[in-house]
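First subunit A sits with subunit B, and in the next complex the same chain sits with subunit C.
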Partner chain A sequence: MFLEVCCLPAGPAAGQNGGVRSQYSIFRRGRKPAKKAKRWNLDPVENELIAALGADRVDSGGVALGLYSRDGSVTRGGRAGIVCFPESTEEVAACVSVAASHDRPFVARGAGTGLAGGAVPCDEPIVVVTTRMNKIHEVDVDRRLAWVGPGVVNLDLTQHLVGTGLHFAPDPSSQQSCTIGGNVANNSGGPHCLQDGVTSAHVLAVETVLPDGSVVVLGAEEGRAPGYDFRGAFIGGEGTLGIATRICVRLTEDPPEVATLLLDFAKVEDAAETVSAVIAAGIVPAALEIMDQRVVEAVEPFVQAGYPVDAAALLIVELDGLPGGVATEVEQVRDIGIGHGARTVRVAADEDERARIWKGRRSAFGAIAVIKPDYYLNDTVIPRTRLAEVLTRVYEVADERNLIVMNVFHAGDGNLHPLIVYDAREPGALENVLEAGEEIVRISVEAGGVLTGEHGIGLEKKRFMHMQFTDDDLDAQDRLRRTFDVRGLANPSKVLPTGASCGHVSSLSNPPADLWI
Partner chain B sequence: MRAVERDGAAPDQDWYDAFDTCVGCLGCETACPSAVPYGYLINATRSAITSERRPPFKLLVGLRLLSWPRLLRWGSKAIAVVQRLGLLRRTGLLPDRIPFRSQRAKNPGSRNLRSGEPAEVVLFTGCVMDVWQPSVHAAVIDVLNAAGIAVERSGDAAGCCGALHEHAGLTDDAVSHALRVTAALSDGRPVLVDSAGCGAALKHYGRLLGSKAANEFSSRVYDIHEWCVDDSRVSSLVASVEGRTGRPTVVVQDPCHLRHDQKCHDSVRDLLRPIADLIELDDEGLCCGAGGAYQLLQPDLAQAARARKVASVHRAIRSESSVTLVSANPGCMLHLSGDSSLVARGVAIRHPMEVVADRLLGAGMRENVGRVASSLEVDLDGR
Partner chain C sequence: MEGFREAVGTSGPVCVRGGRTRWNIGREESSIWTGEPIREVVAPAGIEAFEPAEMTVSAGAGTTLEELAAALEAQGQEVALEGPSGATIGGSLMVGWSPLRRGTLGETTDALLQADCVGADGVRFTAGGPTVKNVTGYDLCRLLVGSLGTLALVGRVILRTRPIPESSRWLAGPVEQSVVRKLVHRAATVLWDGSQTTVLIEGHEVDVRDQTKRLKSAGLSEVELPELPPFRERWSGALPSGGVLQIGAGVVHSWKSPVAPQVAPGIAALALRLRDIFDPERRLNPQCDPHLVAA
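Let's turn to the complex of A and B:
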């Protein structure tokens, strides 16, 4: 989930740990430069980019433009102009400067796993891909911080830290592929953000290339920079405020004791009530996740976690802390669960069982192709106390439209992820799905919730911004944006419902006007 | 693939170039929670595009050569001469020293002994492996013989498995190889394979040929480690030398076709565990970049992938000395041996069965093996 912004390894601090993770980067040297020589009649912008990066890291071929014109969302119709692969802060600054000097928009992109169209390029911009800025520059165990490139894959950082007793807390379900730059852009969450807080709580400073090409550091290693908290404003900016090129993350101590519980329920509502009751009892678990029966059926063959496939819903509860406290909380949660109708409560006996339970949760989205080839994943947040009622409505909306909806979500945060599966080749399927999606957003907002928990607004939810904000609210946000980006070149047409639209929804040959997002 | 199939993109040169960079490690299949059969889709796509664009000439020549075992043997002898004269650079494409004499020649007495009674199992000997790395087949035969199991070599009658042809999209060639192999080995005995790539191909004949006979054939194909671990005679023999001193330190490198395709990479560990101290890599089965013909066609990427794998090996072995790196696939062994830093550190690159054979022979089984071997090994061609 989590897309895009960001960027690179600069020279200076890149010492001790730089390059250690290189075995995880996908092949870095790829295209043969010779091929480029055949392409003439390059536009001047491309010429300047090639001068800055070299011909092998600037691509305007059909395949590249096709691949980099979409992300993990259903949004289609974007069109990349030129795709660049910078490897340093200076190179990102050079790309942005070229864009600025030609008044050309630019879009930062990480792993492209975003689910709201935040990295989908509008109006043939320069696409600045940060995946090669994947170095872990410095890990300071004593001060519990690390400087990383924006292209570092979230899970790679965690694996790199094994043995230090520390970890990077935000753990989006897509952590195997999403980048930390994208996490910053979307202020991403994850199952373990219930207790630890989302990305903004774990980023101390961000080295940023602003839309005019200048480089600044927002925030400070010590956590509190003088003056306004521009770091806070930047995180969650979805690439509209600049491109992060080096990120200073806070590292969190590994808990001394962890217990993972799996509770199964005959009714989804019972699982939802249990979540609310656990928090009400004063327990703040490390994670509280719900998966409904369809999700469980889809993932169990892959992970072999021993999930009870006849349960209407599974609730994963993870408790951590000091050994004595964890043991007490395990009993409390067990009692609350049974009191709310849990049929069984299983406590993971070892690390392997725990890993399997989590692998199932993390694989949920990838497993849906066993049901239908496409999915639309919504992301809203509602008050935790209204989970049961809103979930019931979500199932009703899907039933009314003859759709299959699967629910797998961060229950503790009230962060819903209704996942509607469909086959894009069936005429009208996507329209039906999107209308259901809009209905779900409306229900969530009416229940006192918000438009998005962690996937961002991007292109997809821009049209819903009026549900949440008044014109004055939006105007204030637009003025903040203009403070960073006077000419509106950074990821234009995203987030705020102003300016021209570009993307539309996949496979629609004649999208109705209201479906353009 | 979807861009072309569903969204109507033209398969232009850019698209081909992008597609050609896939090494075919099938790590995507292991990772996919929806169990999408990427390998099948990729092969089908490659097959479909060969009519539009022929594979590179050097690949076609190379693949054609694999179908002519005699030519391959003579050609290899020629290369061996050139190598001895010091005229070839070390590349990882070829073994450092191609043997002059083939495996068949080394076992002159094997072809006519006890030919009236069929051996219990057939060892699939393939094409280049038999010529370039005969010590691997020899090790397998020694181990099985030591356990009292008679082995028949598939030899030229079965020939090449056709895996590389299929990966290149030359489906017709792959089918004709498959037909030849299944016809030559149709008598219902287990077929053991000591090359992960060939084993995977043989196991997929059912899907490739779509016939009942092919399915039956594929069902009795076993990776050598998989079979040995399940066979009580071999496993008890291996266990019998467990306590001996001088255990080798072994780094296990999983060939992609063993781990992601056949999914029996744990058998290698199970087989070696009693007799060796195992060191695991921390890269979760990342590809070494060999990829069959990939190292020939995409040398830059193949070397970049190898550098990554080698870095992982260095991390794993830290300060250990005299380490053996095992890989159950001849292509991976060759490719890795092309890296000078491993060689410089004295890391021996071997097949797991060679390590097993060494342990058994070193444990005093040599005479026993010598005696049984001459009576049990037979050769299809010799009949």
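Let's turn to the complex of A and C:
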């Protein structure tokens, strides 16, 4: 049930891939027939888009505009202008050229699972939906790379690679619905990015339609492309630098051996200190995840992972590599954990147990969010040595405001995901939650951290940019943006705090069961 | 940083002098500078903070790689920067070459987390953030790596560190590189000279021993650190005489001075705009152009 609801913002085209196919029918049922009768009354922009793509792939009907006016974030109030469904680089270039020739903004959009409002359309732009560009063009096992369309769903690529001994390393928790184009835009992370880095470390080249409609390839299949690293600059640009139309990803060797450990602690601080001690010991696990007691209590009845529900915190440690090293590290982590107060250390005996440990972690969000009808999820990064102290402050902030906060997060890289659950029907509840969110961001920055580790700035956090950056810092960033987009047509009003506003932060109800943090 | 900013100033051509170990990279060999003399400034040096449990280190860009390596090694860590003796952190970042041991260390571009810079207008700005994971704002750090000091002059950095592997071994033998790669898991580097594969394996001693055994039975034997030809050129699909291909890195270590690579017009236009926006008067290291770097 939750899964169906969660994919609403993803829109019709998102249903074309993999495990989310079923949502497509929901939309088809609710969708009005195309407004063919009005074709001769169209505005010139829409006319030109239809000439380039055909009438069936340009939609300005109310349902489409409604669907594509939001994403997975709490931001509401966006307004799509015209929605396009290109299927090739040439068609994306045509859409962007039409936008450029009419001075009309455009917004690229993948599955719409973003959590910071990056795909929420501002100023009635042309929304360029890339989900139909979902072909895996080429897999080169020998050179360990693949060329894919931006609309390929992250998990679909991983499944496609089964049997090759290779995989695509970034694994955002939304991987069953988010697209690789979206991963590029957000420089997405995931639990297994601790060892091998986030998307930027796994994208070799990006064929890009620049905001003037020209097509360039940023980066190279092997090694640095000559000159400036425009590939690196483009990744994480949140759709403000152009639209990725083909992506060359690096494929990572599957580990021969994987060990998954579950440690439980009587104090959250002990779990946090164990994380620091593991890293200080020279071990870089594949993943290091913490769930606090509230999360465990909510998740266990849901997935029956065998979590000890009386634990103040659980720590999942995944170690991978060659068998000898993994065996050594398992013992080291066990000793470090016990030395820091772990009550038990469970090593998954088989694939089934490993899957159950991870299922609890991956479904935490959905399980938590049934406690109250609404939730607000934050994403900040702090130095990992300050985890214990900052977590204490996060609980205090919530307590002071009579809010329930839960923590389930990528502890290994200090990436916090405090989730506040509340009931938006209570007067003043949303404001209270948003103020708490701002305070958590402030605490994180004051602890030497940053505004966001993987969700991006989008619309949601641009008002906080001054907490981390000076005007001069932001000016340098704006220079990068202007290099790509002189006229500011690509996904306007995002990332940099420009004063222009669009949308508002609101609550998000009916959360997904299996997604997103 | 304030002294560095003042030294950079607001007018006249200026560049940072590091260890001068790769001074001619990105410079046209025959070019004679006829413009106003280029002032050389020196970036701050010294390690400011090293947090082994954070796996980050902050240091002046003028710190030598040797000094950095010694400080990190004391805690069993290292960074993805390589360079000749005397090379500095800043110089290595500005050249941007990925390390030979990239299978273990990752790419140089992924090592830079934060950079304190002085722009062409003499204004200080900070790129990136101090944490190992960060998607806040635009990724100026990746643009700076390999920019040869043409966009901004870097004074201080925060770098990501990694644990030094417990054990490492070089092996070589007359076996196809693709065969060798199937026998090892995540080699630190694989080199191919047209007849022989040379591989560096790193990790836990028990695994390195095990992989060594496997490679030896395939016809490889243990060797010393091989000496590579002095120049780097882009891999174009054909191995030049005496050249050594670094598999996956797109680099051929070769004996002849490389020619500047072809750059697509769209990329050249983007680069021109970038430089116009960051340094309209071409103050910053005006003799250098990243597009002249072969690989």
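Criterion: the second predicted complex is superposed on the first by the 465 of 517 C-alpha atoms of A that agree within 3 Å, B and C clash if a C-alpha of one lies under 4 Å from a C-alpha of the other, contacts with A are read in each partner's own complex, and residues count from 1 in each chain.
To be clear about the criterion, a contact is a pair of C-beta atoms (placed from the backbone, for glycine too) under 8 Å apart; a residue touches a chain by one contact, two chains touch by 3 or more.
Please read these numbers as outputs of a predicted model, since none were measured by experiment.
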Touching partner for A:388 - first (subunit B), second (subunit C), both, neither: neither
Partner with the higher number of touched subunit A residues, subunit C or subunit B: C
Touching partner for A:347 - first (subunit B), second (subunit C), both, neither: neither
First (subunit B), second (subunit C), both or neither touched by A:277: second
Contacts of A:468 with subunit B and subunit C, given as first, second, both or neither: second
First, second, both or neither for A:187, with subunit B first and subunit C second: second
Contacts of A:367 with subunit B and subunit C, given as first, second, both or neither: first
Doubly contacted residues of subunit A, that is, touched by subunit B and again by subunit C: none
Residue numbers on subunit C that touch subunit A, as the complex places them: 51-56, 76-77, 96-98, 106-107, 109-110, 117, 119, 123-127, 129-143, 145-147, 151-152, 162-164, 178, 185-186, 203-207, 210-211, 234-235, 248-251, 260-264, 266-268, 270-271, 273-274, 277-278, 290-291, 293-295
Parts of subunit A lying in touch with subunit C, wherever the complex brings them together: 142-144, 186-187, 189, 193, 197-198, 200-201, 210, 214-218, 220-233, 235-237, 253, 255-256, 276-277, 279-280, 282-284, 321-325, 328, 381-385, 410, 413-415, 448-457, 461, 465, 468-470, 472-477, 479-484, 486, 495-496
Residue ranges of subunit B in contact with subunit A within the complex: 3, 6-7, 9-10, 12-15, 17-18, 21, 31-36, 282-283, 286, 300-301, 304-305, 308-309, 311-312
List of subunit A residues in touch with subunit B within their complex: 22-24, 27-31, 35, 61-64, 66-67, 159, 176, 298-299, 301-303, 363-364, 366-370, 424-425
